[in-house]
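Structures follow.
You will see two complexes here that share chain A, one where it goes with chain B and one where it goes with chain C.
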Partner chain A sequence: MEPDIQTLFTIAGIGIIVGMIHSVLRMIGREDWANWMTLIGFVIVLYMVVNFIQNLFQHIQRVFHFF
Partner chain B sequence: MRSVTIMQVVGVGLTATALALLVREERPLFAYFITLVATMIIFISVLSNVQKIIELIINLSQRAHVNALFTATILKIVAVAYIADFAAQISRDAGETSIAGKIELAGKVMILMMAIPILEAMIETVLALIPV
Partner chain C sequence: MSLRFIFGFLMLALFSWIGWDVARRYAWRVQLLIALQRALTSLETEIVYAQNGLPDIFKRLAHMEPALLSSFFLSTHRELLEGRRNLADVWYDLLNRPPLILYTDVRERQTLIDLARSLGQYDRLSEQKRIQLARYELEEAYQEAKQNDERYGKMARTMGVLFGLLVMILIW
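Entry: the complex of A and B
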């Protein structure tokens, strides 16, 4: 499996964007919206990371004849 | 799969650290994810080399007529140690030392569980040596 660096930069991008959206929404005064946006960002990144972890563990099982 | 040079690993590591620091001020949560993904990337890129080493070990053990069960168990123990250490380090890095300790405890217990057949085999051989 090619260790792709792309997910690393995507996660960093999402983190920065969610951070900015959070502070902008807080300035406008919509505190609840800000929290919702952070939650959505968290769910997206968690989904990507879980896929990555599954990939890693399958790889480990194949290498160590673990199954 | 092409083998990964040390320069690539260092490149990934340093950029990931920079990204993690960048994101840590605003959303420390995403910094955790970045360190997680970075360690996994480096881990996967090293795995291809580990695979060659393991094939060498298996060949040597077959040639030495070592019981296949032993080498398989040893490889599994190494895999469990790898994964447990990987997860414990990351949770300790995120500040959750208690979770890290519990992960390591689980890893040790599982390794002990896997070592039981080997211990039994060893005890039987020792008993067989002793003239009863």
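Entry: the complex of A and C
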């Protein structure tokens, strides 16, 4: 399962927008909301890449003969 | 593809509109507090110098103020002419239902109701002092509302657009 280019662009877009939201919230002095927003963005991206990570671990196991 | 495109733009428009609406509420609150202070100044002038009766004063204020406050003062005028309830009860009802409840805080409503309780009960000098006290409290609320409008109004607009873009990217 190869990561396609659209997923990479989606993740980049989410990163940019979550970064902007973080900056806006910090600017008005809401660091707590900003941190929560970053965490939510991280969870969304993690949910999107979890299959790729699983695939990566399987490859590593296969390469080093862990099973 | 085209359906997702349309849905994405609808989401962007929806979130942007929500952001603008929240920002507009902050701006309207500031406008309302300015108008209320102006109305209290007129009320003070009418009571102390013109010495008119309360129903007449509220009718005149209804003609002077913007739509939101105009209907408030006009309803007060009508209720006072009917004479079934006192001013405090009338204002309690009018302030605790839309549209005024959306733009006023509990403190401002209480200030106005307290003022309504005292109007027509004491001599002119006491009434003038009470109106000035209410205006001072509204001025404090106005400063706070202005600060919130500058800070959170801009934030609401920006956040609306950014959340819209985020949702658009997620459903793309």
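Convention: the second predicted complex is superposed on the first by the 51 of 67 C-alpha atoms of A that agree within 3 Å, B and C clash if a C-alpha of one lies under 4 Å from a C-alpha of the other, contacts with A are read in each partner's own complex, and residues count from 1 in each chain.
Everything below uses one rule, namely that a contact is a pair of C-beta atoms (placed from the backbone, for glycine too) under 8 Å apart; a residue touches a chain by one contact, two chains touch by 3 or more.
Computed from a prediction, not measured in an experiment: that's the story for all the values here.
Participant: Does chain B (first) or chain C (second) touch A:Ile14, or do both, or does neither?
Facilitator: It touches chain B and chain C both.
Participant: Applying the touch criterion given at the start, work out whether A:His65 contacts chain B, chain C, both or neither, answering first, second, both or neither.
Facilitator: A:His65 contacts chain B only, not chain C.
Participant: Using the superposition on chain A described above, determine whether A:Phe42 touches chain B (first), chain C (second), both, or neither.
Facilitator: first
Participant: Looking at the overlay, does A:Val24 come into contact with chain B only (first), chain C only (second), both, or neither?
Facilitator: second
Participant: Does chain C touch more residues of chain A than chain B does, or is it the other way round?
Facilitator: B
Participant: From the superposed pair, tell me which chain A residues show up as contacts to chain B and also as contacts to chain C.
Facilitator: 14, 18, 20.
Participant: Touching residues of chain B toward chain A in the complex: what are they?
Facilitator: Its residues touching chain A are 1, 4, 12, 15-16, 19, 22-23, 26-27, 29-31, 33-34, 36-38, 40-45, 47, 50-51, 54, 72, 75-76, 78-79, 82-83.
Participant: State the interface residues of chain A toward chain C in the complex, per the touch definition above.
Facilitator: 10, 13-14, 17-18, 20-21, 24-25, 27-28, 44
Participant: Over in the complex, which chain A residues touch chain B? Could you list them?
Facilitator: 1-5, 7-9, 11-12, 14-16, 18-20, 22-23, 38, 41-42, 45-46, 49, 52-53, 55-57, 59-61, 63-66
Participant: Taking the touch rule as given, give the residues of chain C at its contact with chain A in the complex, in rising order.
Facilitator: Residues in contact with chain A: 151-152, 155, 158-159, 162-163, 165-166, 169-170, 172.
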